[in-house]
Amino acid sequence: MIDALIQLDRRWIFLAMFLAVAIPVLLQPELPEQPTPIVQSVFDRIENLPSGSRVLMALDYDPASRPELGPMTRALTRHSALRGHRLFYITLWPTGVPMIDEATDILETEFADQYHYGENYLNLGYGAGQEAAIKLICTDLTKLFPADSRGRPFALWEIARGVNSLQDMDLTISIGAGYPGTKEWVQYAATPYPAIDLVAGVTGVSAPPQYPYYPQQLIGMLPAIKGAAEYEAALAARYGTAGEALPALLDERLAELSGPQRTRESITVEMAEAAGIEMAQVRRVLDGRINCLPRAEIKAFARVLEIEAEAILNAAIQDGADYSEDRDYPSNYLNYAHSDYQDALKRMAPQLSAHLLMLVLIVLGNVIFFLQRRRGVLP
Amino acid sequence: MVKRWKSVTAAGGRGRLTGGRGEPAMGSWGTPGLVAWVQGFPVVGQLVLLVVLGVMAQPLWGAPASPRGLRARDVRNDAGRALTLDWQLSPDDDVRLDPPRVAGYRLYRAEVTPEERPRFERIRDEQDLPPQVDEVVDEGLTPHQPYLYRLVAVDAEGRESAAAELDQPVRPEVWYFDRNKRWFLAITLLISAGILFFIRQARRGVELKIRKIAGLEAVDEAVGRATEMGRSMLFVPGIQDMNNIQTVAGITVLARIGRLTAEYDARIEVPTSRSLVMTTARETLESSYLAAGRPDAYHEDMSYYITDEQFGYVAYLTGYMVREKPAACFFLGAFFAESLILAETGNSIGAIQIAGTAEPAQLPFFVAACDYTLIGEEFFAASAYLSGEPEQLGTLKGQDVGKLLGGLLIAVGCLLFTYAHGADSPAAQRAVNYLRFQVLGTEDIPEEILEPGE
Amino acid sequence: MKRTIPIIIAAVAGLVMVVAFFVPPLIDWRETAEEWFNILAAVAMILGGASILAMHLRRISDQKRGWGFSLVTLIAFAITLSVGLFKVGVPPMAEYPDRPWTGEYITHGAPLWWIFQYLIVPITATMFSLLAFFVASAAFRAFRAKNAEAVLLLGTAFIVLLGRSYAGTLLTGWVPESYAALTLPGMTDTIMGVFNTAGQRAIMIGIALGIASTSLKILLGIDRSYLGNRH
Amino acid sequence: MNRAKLAPPLIGGLLLVVLGSWILVSTLVRHRFPGAQYRQQIGTIDVFDAEGVSWSEEDQLWVLEVDAAITSVWDAERRQWVLEVDEAAIAAVWDAERRQWVPPQRDPETGTLVPSEEPAVREAPLPDRVWQRQRGAAAAQAGEPDVHFCWSQTVGVWIAALLTLCVFSFLYQDNPFYKLAESLVVGVSAAYLMVVGFWTMVVPNLIGKLWPDFVARHVIPEHREPAQAIYYVVLVLSLMLLWRLSPRGGWIARWPLAFVIGITAGFRLIAHLEADFAIQIQATILPLIVRENGTYNLWFALRNTAIVFSVFACLTYFFFSIEHTGLVGRMARLGIGVLMITFGAGFAYTVMGRITLLTQRLEFLLGDWLRLIG
C-alpha cells in the first residue's frame, strides 16, 4: 500500500484534481457566502452613492484572468446599473477591450430600457501609457481619452458634462490582474488625490500585496473569486428573491394543462400573447430569472393557465416580491439571486473540494515522507 | 468616379433629427403662472403689488455677490505648465440656501502680450466649478507667459456676478530641479557611490569577500552533467522584453553558461518569447563562443523566437521538454504564471533545474519545484558572481551599502516614531514625518500629514 | 566602433533617463522613451517572424521528424498574419463608411476575432488551467516537512488554504468574536498582514538594490554581456 | 500485449462513444445541438457610392440630400454639437427594415422622422455594400427577434472544445493531438500579436507621428497630431534593428539594442529605487509602541514589532558581505523562515486563482459545448 503510494504516478493526482473540480461543476451545489467587511464596504459604497453618481471602472485584465475577474466586473456593473449610476469604462491593457464589451453587453441587454450609450454609460476603450496614463487622467481625462471607443470626441457626449478628470468621479473601481493594475491605481491616483475614492477587485495571485492598502487607500476590495462570490451574495440579498415558488407553481400548472392538443410550448406562446410580451420574457419567468411580475402580466398568465391570479401573486410574494400599497414591478425586474447571475458563487464549490484535495495531498505526501524516513530510505 | 462625402459627426441626445437647440440646462420659475396671478388684481393693486414684490425680491432677482480674493500661485516643481488659483467663496454661495443662489463659478483667462489688450476667454464654467469649490489648477499653460484671470459667480439663470480679478499678471515658472526629490537624489547618489567605491577597490586589486550563494555552483555542475549525459540544456530568459532588468540579468548569466557550454562542447537552446530578447541572446552566445575559442561551433539557431503570447510560449516549452528531455533547465528572468508549469514539467523529466527571478509571487513555485532557486536579489547577485570579474563583485558590496542604509533608516525611523508615540512629543512626530515624507518621499506631502493636529 | 559606440549610446541614453527624473521640463522624455521602446519592440517582431519562418522552413525542407507540425505552424502563422494585416472582414467605422480601413482590427464576427476567440483563447486558457493540476502534484511531492523551513512553508500554505475557503469558516466558526484572531480566517489575516508584508518588503528592497546595481553596471559599461562581454 | 499501451485508445474510444451518444440524445431528444451559438443583429453599416448621402448612426436613418438639410452647430452652453435640420429639404430617408428609400413622415407621438408607408423613391441610390453589425447572444435568447443561429461560431465552439481536450491530453502524456494544438497556437498567436503590434503601435505611434495626414485619412479618422520629425530617429533605429536580416553588418543592430538597454537601465534604476526602496522603507517605519486614546494597544505593538524585526531578518539573509555564521547566521535563518511563510501564503493564495481557471474551462466544456449545465 505504502509502496504503491510512493510509486504513485502523478497522473492519478491529476485525475483526482479533475474530478474534484468537474463533479461540483456538474452538480452545481450552492454554498452560502457571507460578505466579509472588506467586500461589504465595496457594496455599501455603491449602494449608498446617490443615483446618477459617476462611477469609473478600469478593467485592467485580459482573457486569461477573465474567469477570476469577469464575475466581479459583471456583479459590479449590475449593482451600479441597479442603483442608476453613470458608468465610464476604460482599460489600461490593450487586450482588455473585449472585457469592456462584456460589461456593456449587460447594460445593453439586462438594462436596455434605462441605459443608453453616451447618456449614462460610455466606453472609453484602451488608454496607453500604464501608470503614466493614470497620472494623466487624475488631472485631465481628455488628454488620455480625447475620444471614446467609437472615435467621437469625449466632450460631445452627454455623459461627459462636468467631467474633466478622475477627481470628478464619485467612485473609481479598479479591477486588475497585474501591471498596470490596482497597485498603480493606489499609488498614482488614490494616494496623492484624496478626492479619488477607490475600490478594487483583484486576482488571487495579486491579492496578498494589496491587503496593506485597505482601509486607508482602498475603501474596499474583492479579493479573487471568493470576493466576487461574497459580492454576489450581497447583491442577491439586496436585489434577489427566493425564486422557487413561482416557477414551481407555473411549471405544475403547465404540466396539468398540457396534452396532445395543447403542448407546453403552445401554452407559453399563448401566455406571451395574452400578456403582450416576448417569448423570451415568458421563459425568464418560467426559469425563475424573473419572479416579480407586473400585476398585468400576472392577470394575463392567470387567464391562460386557468387559475386565480391570486395564486400566482401569492407565489411571487412567497418568493419575496413586495406588492404592498399597490406597488408594481417593471416587466424586466430580474431576480439577482438566480444562479444565472451568480458565476462566482457557482465557482466556490469546486474551490472548496479542490482545496480539501490539496490538503489531503499535503498530508499524504508527508505521511509517505515520514514512513520512508522511518524505514531508513531517506536520511 | 468622384466620391463626395459629408458625414454628420455630431453627437447629442436622441431623436436629433427633430432638431432645434436644446432646452436651457436648468429649469426656471413658472413665470406664466405668476403673471396670471398678478393679472387677477385690479390695476392699482397690481402696481402696488409689483412694487412691493419688486423690493422684496430684489436680492432674489439680482446677480449673486462676487467671489473675493482671487489669487494665483505657481505650481511648484513642474515644467512651468500650471498655475493654482484659489479664492474666497461668494457670500451667496451658501449650502443652506434653498434654492441655491450660486450655481457655480466661471473662470476666464487672458494671455498678456505687449501688443494688444488682454482678451479673456472662458476656460471653466459652472459645471467644472460647482458651488463650494474654491481652488482649481489650470494646466497646459505656456511656460513664462504672463496670464490674467477673472472669476465670477453665476446663478441658475446664468447671471454673472461682478468679477474678481488678479491685480497683476502671473507667470507659470519652470522649475529646473524638482525640490521634492532632493533627498531621493541624495539616496540615489549615496547608493551609486557605494557601488562605485567598491568597483574601484576591486579594480585596485583589493580582495573582496563575498559569501557563498547556494545554487551558483550548481550552474557549473548542471552544465557538466548535461555534457556527460549527452543531452541538451534549456535556457529560458523569462517572458518579458529587454525593458525588464531581470531579462538583462538572465542574459548576463547566459553569457557564463554559454561559455561553459562552448568549452564542454555541450548543446544549449534558448527559445525566447520576445524578438529583441532573441537578438540579444544571439549576440551574447556568439561572443561567449568566441571567448571560449570556439566561434565555429556557434550557430544562430541556438536562440530562436517562439511567440509573444505567454501560454503559446509555454505550450512550446513544455512540448519541447517532454520530447527532447533536456538534462538541465535554467529559468532565469521575469516569470509569471508559467513558472510552475515549467518547473513541474522539468521535474517530471528529471532535469536539474535552476531558477532565479525577482517576481515575489512566483518564488514559491520555483522554491517548491526546482533544485535551486535564486531568490530576488540573489538572482542579480548571481550575474555579478558568475562573471568572475572582480569589479562586478564590487557591485555586490555596493548593494550591501544600500541595505545598511535602508536598515539604518528603518531603525532610526522606528525609534523616533516609538518615542513620538510613547512620549507624545510633537517635535519627534514632526521629525518622523520629515523622515518619512520628505526624505523618503518624492511627491508633495499631503497637507493633513504636515499638520499633526489630528 | 562596433563596441564602443553602443556602450556610449547606452550610457548617454540611460543617464538622460536618470536626469530627466529630477528635472521637471524633461519629465515627458521618460514617457517618450518608453513609447520608443514599444515601437522598437513592435518592429523587432519582424525579426521574430523571420526566425519563425527560417526555423520551420528548415524543418520542413530537412523533413525532420514532426515536420508536418511545422507546416501547421507556418500555415496558421501566414493565414493569421494576412487576415489581420489586411483587416479581412472588418467593417469600416460606422461614422466613416467610405474608408474601408478605419474599422477596429478585431471586430466581433471578423476572421481575426474568430481566430482569437476560438483558437488562441481556448488553447492558452487551457494551458493556464493546467496549473491547477501542477499545483496539486507540487503539493503532494514538494511540500514535505524535511526541515524547519519546509515546515513553515507547508504549515502556512495549510492554514491559508483552509482560511480562504468555506472550510475555514466551517471549522472555526464557533470561536467567539473576541478571539477572532485565533480563527483560521483570523490567522490568515495575521499571516498576510505581518509576515507576508515583511517578507514581500524585504524582497522588494533587495530587488531594488539588485536592479540599481545591475543598471549602474550597464550605464558604466562594466556589464556588456548584451553585446558580448569579452573580445 | 502491454496493458499500458492499450489504455489510451480504449479510453479514447470509450469517450468518443459517450460523446457521440450524448450529441445524438441532445440533438434528437432535447432539441439542443451541443455547442450551438447564436448572434444578434444590432444594425448594419451601409456603404454608398453616391453623392449627397449622409447618415446618423443612432437613428438608423439615412437621409438623402443632407448637405442642404442638416447643419451641425456647436452649442457652447451644453458643450455639444446640435443638429439643425431643415426638414423640408430632406428628400428621402432610408428604411432599414424594407431596405428602401422612402419619403419622410413625422411620427405623431415622438415627433421624429420615420420612413413613411409610401412606395420607394425610385431614383434613390442603394447601398453598394452592407456590413452586418452583430454581437454574441446567449442560447437562451434563441427565438428572440434579430437572434440567429450562427454557423461560424458554432464551428468555432466545437474547434475550441476539441483543442481544449487536445491540451488536456498532455496531462496523460505527450501525443500528436497536443502537438497539433501546440504548433497551431504558436503560429497563430505569434501572428496575432504582430498584427496587434502593427495596428496599435506601429500605425498610430510611428507612421501616425511621421505622416499624420495619411493615417488620419485612411486608418484613424480622429487622429489629430502634428507631424513630429524626431520620430525619424525611431524610424532609423528600427531600420538598423532590421539590418540583422542582412547577411553582413549585423553589428549595426547593436546600436538600437544599446539604446533600448540604456534607456531601460536608466529608467529602472530610478523607478525601483523610488517605488521599491524608498517607499518600502517609508512603509516599514512604524511605532513599536502604539498608544490610542491614552491606552496602549498591545496587539498593534506586537504586530509592528514583528513586521520590523522580520524585515531586518530578511535583509540580513540577503547580506552578501558576511558569511552566515554566529549571530548573523541565526538572524539569516530567521529571515529564511519569514521568506518561507511568505512563500507559503503566496502559494495558497495562488491556488485559489488556478482552481478558478480550471473551473472555467470545465464550465466551457460542460456548459457552452455539451450543454450539460446551465
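Points to keep in mind about this one:
For reference, chains read A, B, C and D in written order, and residue numbers begin at 1 within each chain.
As a convention for this text, contacts are C-beta pairs under 8 Å (C-beta built on N, C-alpha and C of every residue); 3 or more make two chains touch, one makes a residue touch a chain.
What you see is a predicted model, and the numbers here were worked out from it, not measured in a lab.
No other pair of chains has as many C-beta pairs in contact as C-D. Set against the C-alpha centre of chain D, every other chain centre is closer than that of B. Rounded to whole angstrom units, the spacing between the C-alpha centres of chain A and chain C is 26.
Centres computed as Cα averages put chain B at a distance of 22 Å from chain D.
With centres set at the average Cα position, the gap from chain C to chain D is 15 Å. Taken residue by residue, chain B touches two or more other chains at 3, 5, 7, 9-12, 14, 127, 188, 191, 242-243, 245, 248, 276, 279-280, 283, 305-306, 308-312, 315, 337, 360-361, 363-365, 367-368, 375-377, 381, 396, 399, 402-403, 406, whereas all remaining positions touch fewer.
Contact of a single residue of chain D with at least two other chains is seen at positions 55, 78-81, 135-136, 167, 170-171, 179, 181-182, 185-186, 188-190, 192-193, 196, 220-221, 241, 244, 254, 257, 260-261, 263-265, 267-270, 272-273, 275, 277, 281, 283-284, 308, 311, 315, 318, 339-340, 342-347, 349-352, 354-355, 357-358, 360.
Multi-chain contact residues, meaning those touching two or more other chains, occur in chain C at positions 18, 21, 34-35, 37, 40-41, 44-49, 52, 93-96, 98, 108, 120-121, 123-125, 127-128, 130-133, 135, 137, 141, 143, 153-154, 157-158, 161, 164-165, 192-193, 196-197, 199-200, 203-207, 209, 211-212, 214-216, 218, 226-227.
If touching chains are joined by edges, the resulting network of the protein chains shown connects every chain directly with every other.
Chain B contributes residues 1, 3-12, 14-22, 25, 127, 184, 187-188, 191, 209-213, 242-245, 248, 276, 279-280, 283, 305-309, 311-312, 315-316, 318-319, 322-323, 360-361, 363-365, 367-368, 375-378, 381, 396-397, 399-400, 402-403, 406-407, 409-410, 413-414, 417-418, 420-422, 424, 432, 435-437, 440-442 to its touches with chain D in the complex.
Residue ranges on chain B touching chain A, taken from their complex, read 9-14, 127-128, 130, 137, 139-140, 310-311, 336-337, 348, 360-361, 443-444, 446.
Chain D makes touch with chain A in their complex at residues 78-81, 135-136, 140-141, 143-145, 171-172, 196, 200, 220-222, 224, 275, 283, 345-346, 349-360, 362-363, 366, 372-374. Looking at the complex, you find that chain A touches chain B at residues 10, 64, 116, 118-119, 139-140, 152-153, 156-158, 161-162, 164, 178, 192, 194, 205-206, 208-209. Residue ranges on chain A touching chain C, taken from their complex, read 8, 10, 13-14, 16-18, 21, 31, 33-34, 36, 63-64, 67, 97-98, 101, 128-130, 132, 150-152, 208-209, 211-212, 226, 348, 351-352, 354-359, 361-362, 364-366, 369-370.
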